[in-house]
Amino acid sequence: MSEISTQFEALNLNELEPLARGKLTQSAYDYYSSGAADEITVRRNQAAFSEISLRPRMLVDISNLQTSVSLFGQLVSMPILVAPMAFQAMAHAQGELATARAAAAANTVMICSTLSNYSIEEIAAVANGNLWFQLYVYKGREITRSLVRRAEAAGYKALVVTVDSPLLGRRERDVRNRFQLPKELRIANFEGEETLGQFPLNVRESGLHAYIAELYDRALTWKDLEWMVSITKLPVLVKGILRGDDAVRAIECGARGIIVSNHGGRQLDTAIATIEALPEVVEAAGAKAEILMDGGVRRGTDVLKALALGAKAVLLGRPILWGLAIAGPQGPAHVLQMLRGEFELAMALSGCPTLQSISDDLLVRK
Amino acid sequence: MSEISTQFEALNLNELEPLARGKLTQSAYDYYSSGAADEITVRRNQAAFSEISLRPRMLVDISNLQTSVSLFGQLVSMPILVAPMAFQAMAHAQGELATARAAAAANTVMICSTLSNYSIEEIAAVANGNLWFQLYVYKGREITRSLVRRAEAAGYKALVVTVDSPLLGRRERDVRNRFQLPKELRIANFEGEETLGQFPLNVRESGLHAYIAELYDRALTWKDLEWMVSITKLPVLVKGILRGDDAVRAIECGARGIIVSNHGGRQLDTAIATIEALPEVVEAAGAKAEILMDGGVRRGTDVLKALALGAKAVLLGRPILWGLAIAGPQGPAHVLQMLRGEFELAMALSGCPTLQSISDDLLVRK
Amino acid sequence: MSEISTQFEALNLNELEPLARGKLTQSAYDYYSSGAADEITVRRNQAAFSEISLRPRMLVDISNLQTSVSLFGQLVSMPILVAPMAFQAMAHAQGELATARAAAAANTVMICSTLSNYSIEEIAAVANGNLWFQLYVYKGREITRSLVRRAEAAGYKALVVTVDSPLLGRRERDVRNRFQLPKELRIANFEGEETLGQFPLNVRESGLHAYIAELYDRALTWKDLEWMVSITKLPVLVKGILRGDDAVRAIECGARGIIVSNHGGRQLDTAIATIEALPEVVEAAGAKAEILMDGGVRRGTDVLKALALGAKAVLLGRPILWGLAIAGPQGPAHVLQMLRGEFELAMALSGCPTLQSISDDLLVRK
Amino acid sequence: MSEISTQFEALNLNELEPLARGKLTQSAYDYYSSGAADEITVRRNQAAFSEISLRPRMLVDISNLQTSVSLFGQLVSMPILVAPMAFQAMAHAQGELATARAAAAANTVMICSTLSNYSIEEIAAVANGNLWFQLYVYKGREITRSLVRRAEAAGYKALVVTVDSPLLGRRERDVRNRFQLPKELRIANFEGEETLGQFPLNVRESGLHAYIAELYDRALTWKDLEWMVSITKLPVLVKGILRGDDAVRAIECGARGIIVSNHGGRQLDTAIATIEALPEVVEAAGAKAEILMDGGVRRGTDVLKALALGAKAVLLGRPILWGLAIAGPQGPAHVLQMLRGEFELAMALSGCPTLQSISDDLLVRK
């Protein structure tokens, strides 16, 4: 069993954020940490985990814990993946490269954002093939097709289509900061392209908001998802689903995975917490697709609860960036190790030696 | 789709109030902001919106949002109207004139209070016919009849009869301030009339309280509503309903619209939040009348939730006054534009391209 | 309709307590305000009222409110009585005499505590016959019989037997203060009697606690209640009931009234709030006895809610003492007038012109 | 009836902790007081008691309270036992000896931890036979067998097998302090044994964590429980059960008692509060075994509630240590006396003269 990493002054993932804040510009910290509007969903994602109580089982032999999980034929060492997050080089110059190396070392998957500071190919070069590619859908199918082809060519093993962002949520801290990407950083996948490769300048609000308002496809529908499935042999996951009926529809369009997500509370404020939405999605679609979730995962017991409610794995987001900001290239690996250790301890103390033994019978909800 | 206005330092409607407070006398601020007794209902109106979670739909084409709504044959550009509010010239000398111009510019309806600082006719002169008239019922039918005739003559398109105020609620901040209208301001609709045209002086409590205690008709019943319907061809809405049975009764008396309202928490403290009362009223009377609501609307998602629960439109109150106090005649238009932008974003991120597509299937209530 | 009194700087009953605190010794303030243990029930009594929402009725003629109520053949002007409270002369030298005069002036009932600083006869001399007598049951029936005879002779119209205090609750503030009656004050009903007439001295805890531990009858049962009913022709009310089955038993023993009470949170901490216990008692016994309640009543809407749940009247406690401390002999009358005014306003704004029209259809409980 | 002890400046058990904190090293205080991770379960154990309301019965003769209870043929004076707690000599040099003397004086049971600073035999020498022995199960059956034999030989009357700790919970305060046993203290039951007798030194985390990670048996199962039952004639209780099915299983393996416990919130954070888990265990197994509970008991009403939900007795933990730290060898007796007094008062004010009369009919849960 893994020890919980003690490489940080922080003893758990919650303690990372205040430390990271001191290492980041206000603008970068706000971009990473903020959510939409009153940030009710940001807080709710975490609080909803705390409101679930555990009923552990005793006297189960937990001397040999099994945590590896197979996703679309790819074996990963634990049900904790790295969520797609944009612009990681604001946290450290190595950015996505460091995160990819950490995921590879942990033998888990990193999902790379379309909006990365290193390109699809640069990241693939360091990551030993445990990458998935997250796709924002731009107006014009050629941009999408090109990104898919590049990801396939670089050896990415799945596509994650984000469907909750036809427009950017109103992140007021970014508006106040008139958020712009630092000058030295690139939207690497579109480097050199005039419109796609940089935020509009001289806008009164968030530059990212303006970029997305101009470029993303607001007319996206299920037919477009069908088309995306049709142009690749990679498994397609749909990220941003919060309803059972939408999950069923996604699968009918050919998706093989669903990521229950509210974009970390960054899109529609007062959206349901993901751990609250998960059971409905699992019930509707759990038999036909892999169900993953993200949002608010900070403790090993959170991972356990998500799995008990039917998730195959969870994605870890912001804490990875905090690790990067605090400890540089070593940070993300420490963060993954902290959560892995906590998760294994939660399994042990709940009497769950395998992932299969984690059932909703362990939970009491108020 | 509309941008959210950034004319203010405030980034949302909640941030307006503290800014406005610095621009107003204590007495005017307290009059506008306060509620009855412990102000439990004031706070509950807003909190009740936050307790409703959203289950957004994905992959709906939202490139072309439709927000206009027809009310009694009048097409308004969005389901957000201006609530009746008294004495707007305490916020800015242009008072109701500025608000009326803003509503007209936004192609929505302003509901003018009986207790305005500009007269029925003065407001009508600037507002292009998108006005409704809010009626307090005084003792003596001739006063009422006269107000109705003047509103009709000035081109107002509906009458809103407020039924929750046979007496004024106990607004303790007004009592403490011994609230009086500033000397330079008039009760414009009764200018020059000795009793009707001014508050009683030398009272130990709120002057408005004394005015209403002396003049309003405490014996008002459903028969009086029937009579009011009988004397006008304008559609009559009843404002201040919080029960399904009362809504049915109002319609039986000839009302064509119901405004679910607790007077912004200013009348009966611990009255039910309006968003909590709305479903009962819609179920009882939604098929037979237009149901509107006010109380606590501050976010685009609040509008979405009210519509999902069956409201045809919402009324926006205090934030309009805060805009007037902060930015003068331009303020109300900015406020309307902020909320319109947020509402459209909420539609987009919820997968609702039309008002008709907003259903209670979007909501989870705890 | 009554105006809400504005004789105080305080605008409502909640604002009285901090003002009174400045007028009282720490020991007296703590004795009056404190409750048992963690004071959870003290707070819960009030909070439970706030958690009930009102669904007011509109367009009811409220120009002529009826608030008088008949209790055991005695007509009182409003459903608000004065609760029994010990040692009122700690608040003002006139003590119970002032309170009795205020109750008489308001044409309501004062319930006099056994543990008063003026005697049964002294209070009766100023109160015009609107008095009930509250009885603590001492060891030895002769003490009880004597008190009953004196109350009868002095014209008291009902007996209130407190049954929740076979021992005193653990009021930790009194323990810390080693609470003793100020030297100049008497336990007037036992003046001159060595044991009954004073607290034990030199005890390490609350003197009242020691007094009661020594003198009250811990072996009291329903048979004793039967006996008390048998020795008087006055109606007997039982105070301190929190269960329907106990209420039924009391009536079987001859009681004609039940006072739902947890002794203002001063006896058993974490006891149920009285407004929460009331419906069970009304359902079990409301048809056979008058049900009253006390505990946490601070607002006119609280009175309305208690009546809506079946109480015939409420008792007002601590705020009377705060009034006495702040304004001397005039204080209790002002306090009664404040609450009467608020209650009438609550009736008016809820559409209830009579006490009979106040039903539980007005309420929503979470 | 017992008086509540006033030997302390503290008036109740909650007030002990801050006083004790001033007497202890940070490391010892943190070890005693802390829980796992965010300490949600630590707080929840106590809060869950407060959320249960009491419906007391009146007019029951409570002049002669019966509080003694028979456990496995041993009569104890009250349903309050001393929970097993490790390393009590950090609080006072007399440590477990003082606690054992206090339990003996109170005629109740002390459960001695395997990890004590005085040995099985030393404690037995001062305790008059009212001891049970708590057993941690080490790798290698001989260690266990030896401990059992020693406890039997020393006259301990029951064995308490702790099953919730195959690994130590993550107590972050101990990690931060790199918790080690003070140099002058011994793991007395293994004195002189190199591995068993001391914590590993030079570890980066809690020394106790490392000790347990190395020595405890993570492969423990129900078969091992059967074996333990088979090697002794003493009654065996299983401590750390939070589920009905586990309780049934334990009894099938020969256990005669169940202690519903989450280890004071020190093992699996967000585990269900014990008072919330108790009813399920009582329902499943109450007829076949003695059910005890610990966790969060601080008030006499807490004991009453646990008994009302079917516990035969409760265990008191941390407050005993606070008493030891504050008042030395006299402390534990005072603490037991405080809680006994409060419990008897709770019985009296609830109308429960005997333990048998305490039923769940007294409770209302939200």
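Here the chain labels run A, B, C and D in written order, and each chain numbers its own residues starting at 1.
Heads up, the rule we're going with is that contacts are C-beta pairs under 8 Å (C-beta built on N, C-alpha and C of every residue); 3 or more make two chains touch, one makes a residue touch a chain.
Quick caveat: nothing in here was measured; it's all calculated off a predicted structure.
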Chain labels contacting subunit A and also subunit C: B, D
Subunit C against subunit B, contact positions shared by both copies (same if over half, else different): different
Turn needed to bring subunit A onto subunit B - CA fit, degrees, nearest 5: 90
Where subunit C and subunit D are represented by their mean Cα positions, the distance between them in whole Å: 43
Subunit B and subunit D, separation of their C-alpha mean positions in angstrom: 60
Subunit B-touching residues of subunit C, taken from the complex the two chains share: 1, 3-4, 6, 11-12, 14, 49-50, 52-63, 299, 301, 342, 345-346, 348-350, 364
Contacting residues of subunit D [partner subunit A, same complex]: 37-38, 40, 44, 163-164, 166-167, 169-170, 172, 175-176, 204-205, 218-222, 224-225, 238, 240-243, 246, 249, 267-273, 276-277
